[in-house]
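Naming follows writing order (A, B, C and D), and every chain is counted from residue 1.
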Amino acid sequence: MTKPVVLLDPHPRQRERIFNAAQWERLTAMAEVVQSEHAPMDDGLIEAMLPEAVAIIGQTPLPAARVERAAKLRAVLNVEGNFYQNIDYHACLTRGIAVLSIAPAFAVPVAEMVLALALDLARGITAADGAVRAGTERYGLAGNQDAVLLSEARVGLIGYGNIGRALRRMLAGFAADIQVYDPWLPGGALRAEQVRPADLDTVLSTSRFIFILAGVTSDNQGFLGRAALERIAPGSIVVLGSRAGVVDFDAFTDLANAGHFRAATDVFPDEPIAAGDPVRQSRLLLSPHRAGGTPAAMEAIGEMVLDDLDLILRGLPPQRLQPARWETVLKMRSPPAQGGKLP
Amino acid sequence: MTKPVVLLDPHPRQRERIFNAAQWERLTAMAEVVQSEHAPMDDGLIEAMLPEAVAIIGQTPLPAARVERAAKLRAVLNVEGNFYQNIDYHACLTRGIAVLSIAPAFAVPVAEMVLALALDLARGITAADGAVRAGTERYGLAGNQDAVLLSEARVGLIGYGNIGRALRRMLAGFAADIQVYDPWLPGGALRAEQVRPADLDTVLSTSRFIFILAGVTSDNQGFLGRAALERIAPGSIVVLGSRAGVVDFDAFTDLANAGHFRAATDVFPDEPIAAGDPVRQSRLLLSPHRAGGTPAAMEAIGEMVLDDLDLILRGLPPQRLQPARWETVLKMRSPPAQGGKLP
Amino acid sequence: MTKPVVLLDPHPRQRERIFNAAQWERLTAMAEVVQSEHAPMDDGLIEAMLPEAVAIIGQTPLPAARVERAAKLRAVLNVEGNFYQNIDYHACLTRGIAVLSIAPAFAVPVAEMVLALALDLARGITAADGAVRAGTERYGLAGNQDAVLLSEARVGLIGYGNIGRALRRMLAGFAADIQVYDPWLPGGALRAEQVRPADLDTVLSTSRFIFILAGVTSDNQGFLGRAALERIAPGSIVVLGSRAGVVDFDAFTDLANAGHFRAATDVFPDEPIAAGDPVRQSRLLLSPHRAGGTPAAMEAIGEMVLDDLDLILRGLPPQRLQPARWETVLKMRSPPAQGGKLP
Amino acid sequence: MTKPVVLLDPHPRQRERIFNAAQWERLTAMAEVVQSEHAPMDDGLIEAMLPEAVAIIGQTPLPAARVERAAKLRAVLNVEGNFYQNIDYHACLTRGIAVLSIAPAFAVPVAEMVLALALDLARGITAADGAVRAGTERYGLAGNQDAVLLSEARVGLIGYGNIGRALRRMLAGFAADIQVYDPWLPGGALRAEQVRPADLDTVLSTSRFIFILAGVTSDNQGFLGRAALERIAPGSIVVLGSRAGVVDFDAFTDLANAGHFRAATDVFPDEPIAAGDPVRQSRLLLSPHRAGGTPAAMEAIGEMVLDDLDLILRGLPPQRLQPARWETVLKMRSPPAQGGKLP
């Protein structure tokens, strides 16, 4: 029996990063893999293979015309992490072709990172390490005037997707009181997760810790402007973990520099950060877009892709990757990765 | 009806640090307070009040002769945090006088701090912040070669007292696989806490994260010597959170400097650290003994002391502070606080 | 502005059961409701309204011809609980019409019930109550020879959908060791839920408690036949909580009567049970299909339907009900409810 | 080296019930065991061995005169479960002799049982099984008019000791909102356990589920009298799990019979229950004092006794059994077990 054809077109990711040796063996055992290494797949090859392909692993452009020719296609497994705007989602979804994203593989690493950044700010870890090196440290209570505990604190989440869910599980160990603002989720869905739905102003003005985890969409770009950020309670701890585009980044930096709140960010309006960008010397705790892209996430991507591919080839629904929802996929505004900045 | 007499002798702590205004009101409502401010209580006053005192809040010296004269004494509530060797514990305990410590008030702040230090090392937070400031940052996966997740990691705890218990609750949110070495606790007691008992070598050699939380006793001083520390698996993350005296601190620093493991410490053999001490420029993540002594802990101390004093005055057993156990109290070797370094 | 048209065709459920007064007000505020009370909606009314309907709440038959005419239709919200075979799912799904089920509303009530049945068997509660009434009770250890604890027991789940997930959360409080057999879920998806994937024979032969929670499909009817049931370890506790059709019910009863295992069931091959059916006097613990249909579930149905309808009308993806997956919906074999047996 | 002498005087428990073969081997390896089988130890033997005994496992009478002669005695490990009034506790405790109880071994079995009884009442399990046997069953919603969910319910605990703590862990899986009345525990101690302190009337009048878990003391006998029980909200579910002596049992039965609340009990004023006692035909769910004494508890007793004995012989504080507190032990009024009713 011939194996089903799968196109592997992972650029800008590298095949070796996504699949370790064992995973590669698992993939080639279940499918005939047609691949493009180190570059986007050649149009000619795509056109030639499309009628036979049962699945595509990668970000191959799929306008309606191609979707129509892909008679056997069942799924597109995006391995970059953002839903590209190079696919005709309507064409796919009305043919029962799932478009899937590896975003869930980043949930745990990002949740750990934003939690770590928050704890750093709450206890002044980076600052104190620098102080000891400079000989200006203060011991015990004298050095702890601003120290804040996460345990039993009121925590606000802005955006409650994969990362928010992963973070909630971690916060359970701290008996935190969690309130969530997410306009895409009804209150009952949040209450079922044991978090309290709240409006944006309540989250901003009454949380001791704030995690900004919302993706950028056509509806919410810059929705956390200066006025909103000024509503944050003085002394709060704010971590920007999703996309710079959801905040007025200048205001965010200004307010942190002015001591209105303590803040950390893993994302920046332009990456790499320009050499002389003053954000480099700001009071923000700075993380160069490293929250998601860990070796563990890469390992998880391979496993998730193969698990779902296996289900799809057996005629079952995928379970691990995140399906594009036609209602929202066209609103997504996170840019696909550029050189060097893959999460 | 006259109120019971309570001696308040908190030096080196200050009364205002232990009791906020509401707590002070609660204390004076339940007891006649005889106090010494800003200095240890005068011997004359102690001797005069001892026969009437029902409780002592503080670290008043209590040799056997004094205990004998303290006919009404029911409890000594130490507010420094270590069991001083200036009390005849045997005399107290054979008279049913409880000697209590505020150590539980530090459990949550210390657990959060050691967790924060571990997450900092796991993700290179302090290092990456410095890199962005220096213009040498690396983005995404390129900057994450050493990144390690806590979720589902094998975690080893050395010493399982108040801090270990608090840390275990936090680790539950990470689905960590926890193994514990504590020679004072039988396996069944650990299994009842959902952690796995293990011998010291197993904890050292098979854990990805190691938390050293054991107090110093006459039995275990320096028990983590160079040979033991060399057993730690390369690439592990080690946090020293209890007392410098349990490790060979030079070896600990050497091994971290050599890259054998990543390590953080909140405690040092001599505090304050000497100006030219090379540890200041070591590869250790450095925290100047700030894990426990937070404003929240101070608030908790006041509440715990008053809760237990209230129970004691009602003829009930104390519930919140930690009672000295005669079997172990004489083995304790943590030095009482010196100037400036109160936890 | 005119409100969107929603058809309400809930039979055999009653409108008043699904929506309480406040929920009804919420529904009529967001939509123009065209309803059929106490009977399936009249064909003429359906045909007349179909071109305008944005959503259907109920089990209206929707062959392809109707779907084609339903130009504005965005969602079908089934309120019976099973995916009826009176809809052309392919036609719906290729038009982006979501078909949604209220099954999630039953997850918590069913999970509590199967847990309660298991604990009853584990401790002999129903039996002991009867013994006291009959004067044959035995006290303490003498009456507890067969008593089994759930805490730290090995628990096997057969089928891991909504109910399994709800049950897992409850089992967490018992520190149970959970293994799951579900051929539709890859191991990684189960491990992410902190349960251990296992094959069917392992679940049957090594679990102390077994919960049968699989729905009936064209693939698995009767898959737990006599030979499989005989693999269950002697003395185990078995609860049948999903559908009678997944087991050989006669074998299940025989083995329970023979004392091979202790068993409870909430479902029966024919409901109502025939008057003289010997199962009525069997050793099974008997529950007359009452696991799901509680007042709380009815309240939840109304909330979930309205939450998702609200999202759909706002152009957002539904979040609370369970979407039909085209890969599996045609395999479903749970019969729609017959008189008197609605869950 | 000679082994330390341990007296084993377990009557009315039997040695074989407490120690399985492996445990017995462990005991005899660590101590020279002098035992009395099937009867209380002979006075002559006690007197002869007392000066050498390092520990007593059992309920040997220990008036002050005996304690004085027991020069090497370090611990008395009661294996019956109640603190007998045949020991001079003051004499023991002022000599540093720990008096320990196996009560913690019963915490998990009792917590599971009271939870199971509550779930039975909440869903009518025993009643519905009887109905199916009688041919009067009602299916689905029709049979569920009184069905109540534990998930997210308000739960009241009266008394918060070992059992309450074990039950709280189980209730965590149900996201229950837990309020506790326990006059021996300050609010802060309860809040640290993530439960809400409340006064008795609040617990009685606002809880949907009430668990009565308080032991009998000289202070609280019958404190839940008719007036208190009438404060319980109609339709609540009440489980009596500790001692019949804390309630007005007639009022408790009357109110359950009148349908004021649904109730279950594991304990009775007189055990065995008299043949014609009308409680046998009451509406109470009846459990003949079987909550604690399970085979698993017996296994746990052996392990806990040996774990603590091992620590004591090594000069360390015991960790698993419950120490008598001199403040409260004299208030205890739970009668030692009588024939046939050992928990």
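Descriptive notes on the structure:
Rule of thumb we're sticking to: contacts are C-beta pairs under 8 Å (C-beta built on N, C-alpha and C of every residue); 3 or more make two chains touch, one makes a residue touch a chain.
According to UniProt, the chain labels map to these proteins: A, B, C, D = Phosphoglycerate dehydrogenase-like enzyme.
Predicted model, so just to flag it, every value in this text is computed and none were measured.
Superposing the C-alpha atoms of chain A onto chain B requires a rotation of 180 degrees, rounded to the nearest 5.
Both chain C and chain D derive from one sequence, and where they touch, over half of the residue numbers involved are common to the two copies. A repeat of the A-C interface exists among B-D, C-D or A-B; more than half of the contact pairs are identical by residue number at B-D. Of all chains, the one whose CA centroid is most distant from that of chain C is B.
Averaged C-alpha coordinates put the centre of chain C at 37 Å from the centre of chain D. In terms of their C-alpha centroids, the spacing between chain B and chain C amounts to 50 Å.
Viewed as a network of touching protein chains, the structure reduces to one closed ring of chains, two contacts apiece. Pairs of chains in mutual contact: A-B, A-C, B-D, C-D.
For chain A in complex with chain B, the touching residues are 17, 108-109, 112-113, 115-117, 119-120, 122-126, 128-129, 131-133, 135, 137-145, 147-151, 169-174, 271-273, 275, 280-281, 285-290, 292-296, 298, 340-343. Contact residues on chain D toward chain B in their complex (touch as defined above): 90, 93-96, 184-189, 192, 303-304, 307-308, 310-311, 315-317, 319-320, 325-328.
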